[in-house]
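Pasting the structures here.
You will see two complexes here that share chain A, one where it goes with chain B and one where it goes with chain C.
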Partner chain A sequence: MNVTIRRRNKKKYREWVLWLLLLPSLMGMLIFYLLPFFLSMYYAMIDNVVSHRFVGLQNFIDTFHNLSFQQALKNTAFFILVGVPLNLICSFTIANLLKKVTKLKVFFGLIFLIPMIIPAGAVVFVWKSIFDVNGILNWVLYSVGLPMKNWLESEWVLGIVIIIFLWKNIGIGMILFWTGLNRIPKTYYEMARVEGGGAMGQLFHITLVYIMPTGFVAALLSIINSFKIFKEIFLLFGNYPSEWVYLLQHYMNNQFLAANAQKLSASAGIISAFIVSVLFFFFHSQRKLSEHFS
Partner chain B sequence: MIKRKTWQSGLLYVCIMALALVTLLPIVLLLTNSLMSGREIVSRYSMDITIFNVLNTEYIKAGDESFHFVEMAFLPDYITFHQYFKLFFNSPEYLRLFWNSVILCVPIVVGQCIISVPAAYAFERLQWKYKEYLFFIYIIVMLMPTQVLLVPHYLLAEMVTLPPYLAIILPGIFSPLGVFLLRQQLKGFPHECLEAAQVDGAAHGTILYHIVLPNMKPSVAVLVMITFADYWNIVDQAIVFIKNAFDEPMSIALSKVMQNDTSMFFAMACFYIVPIVVLFMACRDYISQELSFVGVKN
Partner chain C sequence: MNKFLKFILVLVIAIGNLTGCSFETKNDELYNSKLEEITDHLDKYGESVDELIKSPQNGNNWTQKELATDSTDSALSGTLRISVMWPDNETNLIAVAAKEFQDLHPEVKIQIQFHDDVLKYQAQTSVELMSNTAADIIDLSYIPYERYAAAGLLADLYPLMNADDSFHKEDYFVNVFEAFEDSQNGLAVVPLSFIFNSVTMRQDFMKSFDAEFENRGGISYQQMLDLYVRAQAEMEDENLYMSEFASATNWFEFEWDNLVDTRNKKAYMNTPEFLSNLEKIKRIKLTENVTQTKDGPGVLGGGYFRDKIFKMNPAVLFVLSSSIEDITQTLLPFNDMIYSKPIPIISDGMPTMYAPFVFGITNTTQNKELAWKFLSYCMAERALPVKEVDTNSFLFRLGFPINKQNFRKLVKAVANETLRKGGVVGYSFSGNRTAVIEESMAQVEKWCGMKGKVMQMDLNLFLDLIYPDLYQYLIGKQTAEQTATRIQTKTEIYLNE
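Presenting the complex of A and B:
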């Protein structure tokens, strides 16, 4: 009896210590992330910082009607809808290649990770000298006799940005897929072979099915990283790029320059609502999938 | 049969090698071109863009006299360390940019570790009913794009008039990434071990310091690397908060050097990537360990 009481007291004491260990991080989260975020949501619903008149969702509606916001939304959606699937397909394919490699596995894996850590500012010059008016790409086109183009100012520029995105992000996706592939038990393939399944059947009925959870993680990571492409684009084009690469990040950045707290908060609210719904979709469908297959 | 197999694996290695080469190409280019003389760099890479703005044509005539293509080369005409010499002994303003990056990154990395290690441990050991919900908030914040998180930081910095560096460093220290990464690692830690220590009367602090921390070395190393890489490459926050050109970190100043002082660019870029590459190489074993682990957990 006595012992249990003492143990319970001790447990309580220990929980208290744990809260103490968590406290700094929790306070930091509150002060620097959560409270200011709620403050920004408040700013999004007033008309200006002087009168503090409550206008409800008017700022959000205005933001949606803003032409440059629409352009930014369109470009960002295009970039994510093309870039992320491409990234997944490429990294999955290379992971399949790498799976068959027996020597120097780790060496290659590390090499493909290097673009991830190289700062955007250092390689931006290389992209510029390839794609600029007098860059390597135009030189090749000229030597072959094809018409040249000012790529960085044309409607193709988003394609170039996708190439840069792929260069940077294939590595991490590939490593994820690679570890995922190695976790699929070899016996599944052996069974399929005994039962006469072809290479295509193995791909669709075993590999793609069991790689699905990894695919989810890779897709999520890829979407998150797709927002980081702003670094490259900013260093290439500055604050006011051509309309073809004007992304949501530029829109927000220009609101920072204008120091417009209302528009800023409204667009932050819209983007975070988007991210949260993507997250819920991912977690929901992942749970459904794992129920389906277990 | 055997012959076909070796042929196939040969092709496979050629493919992988080619991919690795393409991946490394920009970095190799930086390294070799940093050994060029300043004049060679300018003559190779000068981009006379003004004329095209005047012409404003979609298709450019390459016959124009003032037009010349970039002559990218992997080997300099002759090798010289002059650009490095100039960088280290002749241009303190560029060294200062490097130093700006250092004093921005190091406090964030150190603070992040100090805050995250106990918090991750507490998250794993707490028996509070709603802790997973709290953790989910951490995950959501972690996955937000920088621009979205910048809004709260910006409003806060405006309200209490934080100096620019602090406005970047403080939120960076409390970024939820570290707590997430370290907790994922702790989930795989044998809990019997911790409970045994607890039964023997060890306090949480002792367990954390003597049992958990030594075993978390790989994930802390990876956390250090990821955080450092992230803030060494800082762009978004810096262009919002830092107004004074002298205070800019290397990450954004480098693109200005690219435009205004092209000859110095390659040497500076190489100098700039040295710390992160060294860190990456130092952590490479931990990274491969950790990556296979994250895969398992998810």
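Presenting the complex of A and C:
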């Protein structure tokens, strides 16, 4: 009995210590993230910062009806729906290939990680020199007699942005998948081979199943990183890019410059709600699938 | 011995009185001839402007303290924070006025924050306004204040103006205040100075093309552009220049109100007229001092005398004249000048102007009345520092002061200085100097008293929205139709935000 009480007390004590150690981070989170978020939601529910008249959800409704916001939402959604799956597929494929490489594995791994640490300005400079009207791509097309194009001002510009996004973010996905793949016991593959399972069978019944938790994490990170591509787009195109790459961050940035705290906060609230929904969906799906496979 | 000395003294005094070598300094005849000689020297060598400004007929020989005592309330107290987009030096009117104001009101403390990066200043101002941490008085000269006013972030200055008994509207160019009113007839900003846009044209060109716009009250930028294109065709010379108009920015700046309808959120950039104007803009020839680059249009550095610009390059047809020096210079009747009098640039029949020196009061400040008192002090008549006319001009950022007395003093000083400098470099004029100056002043004051239209196109907006595609068109990488479509779409996004 005494032992039980002692164990319980020790457990409580440990919990207190853990909370104490977490406190600085939690305080930081509260002061620099949660409080500003609630403050911005307050701004989203008043008419302006002078009169502070409560207007409820009117700012959110106006934002949804705003044509520029709708354009930005459409572009952002398309970018995420195309860019994120492509990123996952490419990362997974490269991780799989890298697993099979025997020589210079670390070197090849590093090649894919380097884009992550290159500053946005340098990234923009590199890609602009490729896709600019006087860039390398047009030079190649001209050399082979094909028509040139102003790629950065054409309808293909979102594709170029997706390429930049993939180039920058394949590394992190690759590392995650590589780690996940290495954790799958080799015995499962041996058993599958023994029982006559081919490469496709192994892929669908072993690899994809056991890599799923890692895949969820990679997908989540990929969605978060998809919002960060705004830096490069802003450096390339400024506050008002073409209608194909006008994203939600452009809308928010321009509201900031116009000192319209209400529209800015309302759109931030909408994006937050979207991200929370996605997170909720991901965690819920992952839990369900984990239960299914266990 | 004493008697002898007294006799000598009386003799000296008597002789002195008879010959003029007396202890008294005044002698009417000598004094008058000396005065004439001094006046002649003034014309030739340029005396200090000091003496001219302090002439009795202007009554402006007061010190700043004397001028200020009349109109200020001695019971003021509090702290004011001011944000200024200008370096801190003796040419900064706000810095100068702040020092004087604090001397007059020891209970008032003024803190000024100076900025020199426009983009950073704009971003910082947005953050501060939204978070209620903005200064009490904000310099809004280089940032688009209409959006801040529409969001209710700037105080309406009319109630403060009307409640201030010491502020007499008749001392100011009220028409300029009216030009800055918003759609609700409120006044979110006050200009401490303003500039009227005008152009001067080559006289022989003007006559041969029947372009007597001097007599027509003004010329629009569109008319100038059409005239330029016509001249290129008829004179068969593609190397004609529109000096200081030679970038596409200008057409958009002057025609912006015709291209967008902000109320209905519509843009009119995909019309045949717009396409036609794009083609005309492309034909504008740039001088070697103006270049069009992918980062933005270049700027021409003009010479002091407009005559030099026309003479240096026979192909120059138009030269922009907008600062107080430019307009005054082109008005003065120097002999043998090959340019016209300044012609106002109009839009919708009204002379166009912009304000390089505009301030607003934050709507959330607790010191609105004190802020207004300080702003009205900055606008009020002042004893202008007279060592250098250039200093005076920069005090008002090269614009015309909003106060009529300051305006008259500055224009007169600029006119005198221009005549002096003109004389030094060899330009002469006929007629009486005083009459010439008075006539020029009257003409400028007549213009400044007209109802004008403020042009406040945000240059950042132009560089973001229009210039990237315009540049591609100007260098031949994009057609006019593609350019028009793309600019139209971007502008619609901007209007709908």
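One rule holds for everything that comes next: the second predicted complex is superposed on the first by the 267 of 294 C-alpha atoms of A that agree within 3 Å, B and C clash if a C-alpha of one lies under 4 Å from a C-alpha of the other, contacts with A are read in each partner's own complex, and residues count from 1 in each chain.
Methods note: a residue touches a chain if its C-beta (ideal position, glycine included) is under 8 Å from a C-beta of that chain, and two chains touch if they have at least 3 such contacts.
On a predicted model such as this, the values are computed, not experimentally measured, just so you know.
Engineer: Looking at the overlay, does A:Leu34 come into contact with chain B only (first), chain C only (second), both, or neither?
Structural biologist: Once the two structures are laid over each other on A, A:Leu34 reaches chain B alone.
Engineer: Could you look at A:Trp167 and tell me whether it touches chain B, chain C, both or neither (first, second, both, neither)?
Structural biologist: first
Engineer: Could you figure out whether chain B or chain C reaches more residues of chain A?
Structural biologist: B
Engineer: Regarding the shared-chain residue A:Trp19, is it in contact with chain B (first), chain C (second), both, or neither?
Structural biologist: Only chain B; A:Trp19 stays clear of chain C.
Engineer: State whether A:Gln71 touches chain B only (first), chain C only (second), both chains, or neither.
Structural biologist: In the superposition, A:Gln71 touches chain C alone.
Engineer: With the two structures laid over each other on chain A, which partner does A:Ala261 touch: chain B (first), chain C (second), both, or neither?
Structural biologist: Both chain B and chain C are touched by A:Ala261.
Engineer: Of the two partner chains, chain B (first) and chain C (second), which one does A:Leu248 touch, if any: first, second, both, or neither?
Structural biologist: In the superposition, A:Leu248 touches chain B alone.
Engineer: Is A:Thr93 contacted by the first partner chain B, the second partner chain C, both or neither?
Structural biologist: neither
Engineer: May I ask you to decide whether A:Val133 touches chain B, chain C, both, or neither, giving the answer as first, second, both or neither?
Structural biologist: Both: A:Val133 reaches chain B and chain C.
Engineer: Mind working out whether A:Asn150 is in touch with chain B, chain C, both or neither, as first, second, both or neither?
Structural biologist: Both partners, chain B and chain C.
Engineer: Could you pull out which residues of chain A sit against chain B in one structure and against chain C in the other?
Structural biologist: After superposing on chain A, chain A residues 43, 133, 150, 256, 261, 264 contact both chain B and chain C.
Engineer: Sort out for me which residues of chain A touch chain C in the complex.
Structural biologist: Of all residues in chain A, those touching chain C are 43, 48-51, 66-69, 71, 133, 150, 153, 237-240, 242-243, 246, 251, 254-261, 263-264.
Engineer: Please output the residues of chain C touching chain A within their complex, sorted ascending.
Structural biologist: Result: residues 122-123, 125-127, 129-132, 147-148, 151-153, 363-364, 460, 463-465, 468-469, 472, 477-478, 486, 489-490, 492-494, 496-497 of chain C touch chain A.
Engineer: Show which residues of chain A lie in contact with chain B when the two form their complex.
Structural biologist: For this pair, the touching residues of chain A are 14-15, 17-19, 21-22, 24-26, 28-29, 31-37, 39-40, 43, 94, 97-98, 100-101, 106, 108-126, 128-130, 132-136, 138-139, 142, 147-150, 154, 167, 171, 175-176, 179-180, 183, 213-214, 217, 220, 224, 227-228, 230-231, 234-236, 248-249, 252-253, 256, 261, 264-265, 268, 271-272, 275-276, 279.
Engineer: Given the complex with chain A, which residues does chain B contribute to the contact?
Structural biologist: 9, 12-13, 15-16, 19-20, 22-27, 29-30, 45, 47-49, 52, 58-60, 62, 67-70, 72, 115-116, 118-119, 121-123, 125-128, 137-141, 143-156, 170-171, 173-174, 176, 179, 198, 203-205, 208, 225, 229, 232-233, 235-236, 239-240, 250-255, 258, 265-266, 269-270, 272-273, 276-277, 280, 284, 287-288, 291-292, 294-296, 298
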